[in-house]
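Listed next: structures, encoded as structure tokens.
Note that chain A is present in both complexes that follow, paired respectively with chain B and with chain C.
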Partner chain A sequence: MTINMQKTLKQTKTKGKVVIDNISISYFNRNKNVYALRDISTTINPGEFVCLLGPSGCGKSSLLNGIAGFVDPSKGQFYLDDKKIMGPRPEMGMVFQQYSLYPWKTVKENIAFGPSINNRGDESPEKIAMNFLEMIGLSKYANHYPNELSGGMQQRVGIARALANYPDVLLMDEPFGALDSQTRIIMQENLLKLWREFKITVVFVTHDIDEAVFLADRILLMSTLPGKIKKDLKVDLPRPRDKETTDSSRFIELRQICHSLIREESLKAFDKQNQL
Partner chain B sequence: MINKDQIKSNRNIKRFIPPFMRKRTFAYSMLTVNILFITWVVVTETGLADELFLPGPLKVWQSFIEVSTEGYQGNTLFIHVFTSVNRILAAFILACIIGIPMGVLMGASKIARALLNPLIEFYRPLPPLGLYTLLVMWLGIGEESKLALLFLAALPGLIIATIQAVQNIDPVYLRVAKGLGASKKTILFNVYLPAAGPTILAGMRISLGFTYTVLVAAEIVAASAGIGWMIWDAAKFLLSDVVIMGLIVLGLTGIALDIFMRFIGRILMPWTRYLGP
Partner chain C sequence: MPSTNVSQSSDFYFKSYKKERLMLWELIRINSNSFIRKLTSIILFFVLWEFLCWIDFNFIINFVFVPTPVEVINAFVQFINDSPWVHFKASIFRVIGGFISGSLLGIFIGLLIGSSKILEDFLATPLELLRPIPAVAWIPLAILMFPDAESGMYYITFVGAFYPILISTQKAVENSLSDRLMIRVGQSLGANSFQLFKDIIIPSSLPGISAGLVIGMGNAWFCLVTAEIIAGRFGIGYKTWESYVISEYPPIVMGMVLIGLMGAFSSYIVLKITEYFMPWRTISKDGI
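On to the complex of A and B.
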């Protein structure tokens, strides 16, 4: 990494506080108002790694899209560093659940897109893009199109694209959901490395318990229909984490706790989704 | 292991050959063309077809040479083709300049769609000849009414394809841009146009074909040059060799323009070469 980047990183260290203040999100669907989320409140501190964990359909994506400013809450207010979030903001970067790279831009152009819009520093967007490509180990693919890349590679580029904008908060919606378990573990380790370097806030959505326990400082366990925070679980595993972490007794213990809580929820969710 | 530079240079050469020619399916297409040709030879040589209505390939070839060198009704084949292709391209390019931005606007805004839809939906199903009579009354029998008819034929297909293209853009692409802080103008040039590009190109190809279908109608009145007019005029004198030759030449120019458009498309949208494995 260049000295230039280090400077930018130090400045952003104290930024990235997200306040979720009494949020409800509802969708108007088939002539009915359905609450995806109800009365959710929590504060995510600068530099914290928070995982939203819950069964399918519990409103994880809705909450993340709310923070990102893509979905307006029907009640309550989101704050980023004590300012109301009224719409998408470049201070927040999003990595989407589905592949979202622009097929018409090369890998390098995709990453350079954010910097070319915001043009913060004195480095050219191409230079920034090349730095990030090196960081994610895909320098060789700079001039390839996304369709020429594997799913895992595309998702790495998606993360680089979000980071290249130097956000204070990184929002990630099941970014590794489509990957095989081996690739997934490597991606998780790399993500933690990036997070350590950038010292930014991460809100990471997943329904994979191991993933949440491995990554998070704190897990927000969500319940279903309407979505609520059922449990705010602190993950006190030492960092840096690696393969050994997953063998420790504390890891297994935390996983067990999540398991039993989630199982309850999944059964309930399944029942509710099955009712007419 | 294949050497990397080799792959690269292969790619560089290959990308200038239209993809359809690279495929084995191209060979099958050529097979159909050959069978058609052989049938034509057999049917005419054995006297199965009346030579007055279906002359043999040789006769058509002779008329091609004759019209190319001596001309038909005062103009050589080249002038006829040149005149028609000029008309088609002028009308078609004008239709693109007006139709594509109109389609983007209509695709992105419900209100614009509601306002502008009646304009194209109404005249679209009208038969070209019927429309042409009105255009002649309004614009006279000169070049203007011809261009107007060709233009009107090209327009609706273009607009409808562009609307479709814009409406089918994955909303996540728009979110990405908004999330990065992109302005409306940036989004137009970096998301809307490239995302819709391939579908717009497909619409342009269909639309150009449609422009061809009204060429003869457009050149019936008060033309002395133009391949459509030549076909129409030759038919009056039962010169079936000229008619068939004219149709083949017209068809070939259509194929050439189509290949040209796809070529331009590959240059403007290089990523479409890598869609899928």
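On to the complex of A and C.
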């Protein structure tokens, strides 16, 4: 079908395949080995938009930090384009939960930081930064410091900073969690635009069901303690998606499915936490 | 006269936000309430002092032998008429020399031991053992260790400046390193250790280093009298010490006040210079 054809086209065109191969991540807590994740395997295809969805404490952030190379798995291996992931690398951009812009750098300098390090040659870091600022509509704020910007603006800069390295994979850790719902919806639509433009793999962590259904090609629903993938849910909503998508019956149906699965998990997690 | 479009407070906030430079008199005008409060506090301080001397206050603290502000001012006038510049110059050079060497070495070693456990193990212990030694206790060794009195004096102001700068730099770096998010952002953008250090650790440590520099500058003046006890014929501290030896009280207080003034002024200059390097910081104390 057309969707499949599009996918094969993307596969041949872009890099950014992430393989999660039998991963376990555990932490040492009070002399007890606590598994945040246990025996997780999946493949994220190039150009795919995948949401990791689950209640808090299900290990979705651990999985993302593992892919990013910040956390070493206790078992298994992450691969990016068939190469082992041994640590953070510029092929994978990361957008963080909190406002993580450097307060001592101007907006422009924040975005130019990645390009100035990786130095790809053809364009000056300044030029790249200005291009990205134009793309996110914040050219006027190039020489402002982050604390002069609103939360939504800061997070737009955060996304631009991650994209300015032209990564193959964009990892996002609840990037819109701190924004008000109006701003959040606009940010989601803009993110989808950027994703289409860059043909980039996105792994997006969230606990917001609507957000996951609206954004993703695929939702990996996670269960708690230890974290596992409970359900691998295809989101077959047509693209491009906009406000009307959220009113469609299929959207509501998918949301319902996620809702009941998550509720089950939240209750289970609640009980287990009480037992511990 | 230029037009006074800064008289309204909203204009003022707009101006400071834009980081335009204001003339001194404009600043005084804008901050007139604060300025008046500060002026009043100083006047009250002198009035209280004069009053306590005048009534020969003697309860726990004895003001009978304390020179009055007027006597101190007379001593100052006399001092000014009697080629004061040699004294100022000698002291300022000693303080600046000690401060600059202290800050260069303090920041350098502070960055090293703040960021490396191995270097901390090697360097921190001896430095920590030397730290509590007061400047006065260094006098004999300073005389023995240095070829002339002048370099001994530099050494003592150096010791004063060095330690606060060292410790604040070390702690500031450790604090920056504990901010995992900032480090992770850098790593995910592809920064190596050197780039992390240069673009993230150092800028985020600047506020701490700045505090160390301000304290260090004050401490260098602190140690000046001690330094100038060693020898010499010039210097504010020497003048103070000499007046004590010959039991002339007003110049002692004058020397103290001068050191206080110059110390406060130079700390202020250091603060302003370091603020220049941290333009991103906006501090509002009234909004807590």
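What we mean here is this: the second predicted complex is superposed on the first by the 261 of 276 C-alpha atoms of A that agree within 3 Å, B and C clash if a C-alpha of one lies under 4 Å from a C-alpha of the other, contacts with A are read in each partner's own complex, and residues count from 1 in each chain.
Note that a residue touches a chain if its C-beta (ideal position, glycine included) is under 8 Å from a C-beta of that chain, and two chains touch if they have at least 3 such contacts.
Since this is a predicted model, take the numbers as computed values, not measurements.
J.: In the superposition on chain A, see if there is space for chain B and chain C together, and answer fit or clash.
T.: Once both complexes are aligned on chain A, chain B and chain C clash.
J.: Which partner does A:Ala68 contact after superposing on A: first (chain B), second (chain C), both, neither?
T.: After superposition on chain A, A:Ala68 lies in contact with both partners, chain B and chain C.
J.: Scan A:Leu80 for contacts with chain B and chain C and give back first, second, both or neither.
T.: A:Leu80: touches no partner chain.
J.: Now for A:Ala112: first (chain B), second (chain C), both, or neither, which partner does it touch?
T.: Once the two structures are laid over each other on A, A:Ala112 reaches no partner at all.
J.: Can A:Met94 be said to touch chain B (first), chain C (second), both, or neither?
T.: After superposing on A, A:Met94 lies in contact with both chain B and chain C.
J.: Would you mind listing the overlap between the chain B footprint and the chain C footprint on chain A?
T.: Common interface on chain A, chain B vs chain C: 68-70, 87-90, 92-94, 96, 98, 100, 102-105, 113-114, 117-118, 145, 147, 161, 165.
J.: If we count contacts the way the header does, which residues on chain C are in touch with chain A in the complex?
T.: 181-182, 184-192, 195, 199-200, 203-204, 206, 278-280, 282
J.: Sort out for me which residues of chain A touch chain B in the complex.
T.: 68-70, 87-90, 92-94, 96, 98, 100, 102-106, 113-114, 117-118, 145, 147-148, 161, 165
J.: How about chain A: which of its residues touch chain C in the complex?
T.: 68-70, 87-90, 92-94, 96, 98, 100, 102-105, 113-114, 117-118, 145-147, 161-162, 165, 171
J.: Within the complex, which stretch of chain B touches chain A?
T.: For this pair, the touching residues of chain B are 170, 172-173, 175-183, 186, 190-191, 194-195, 197, 269-271, 274-276.
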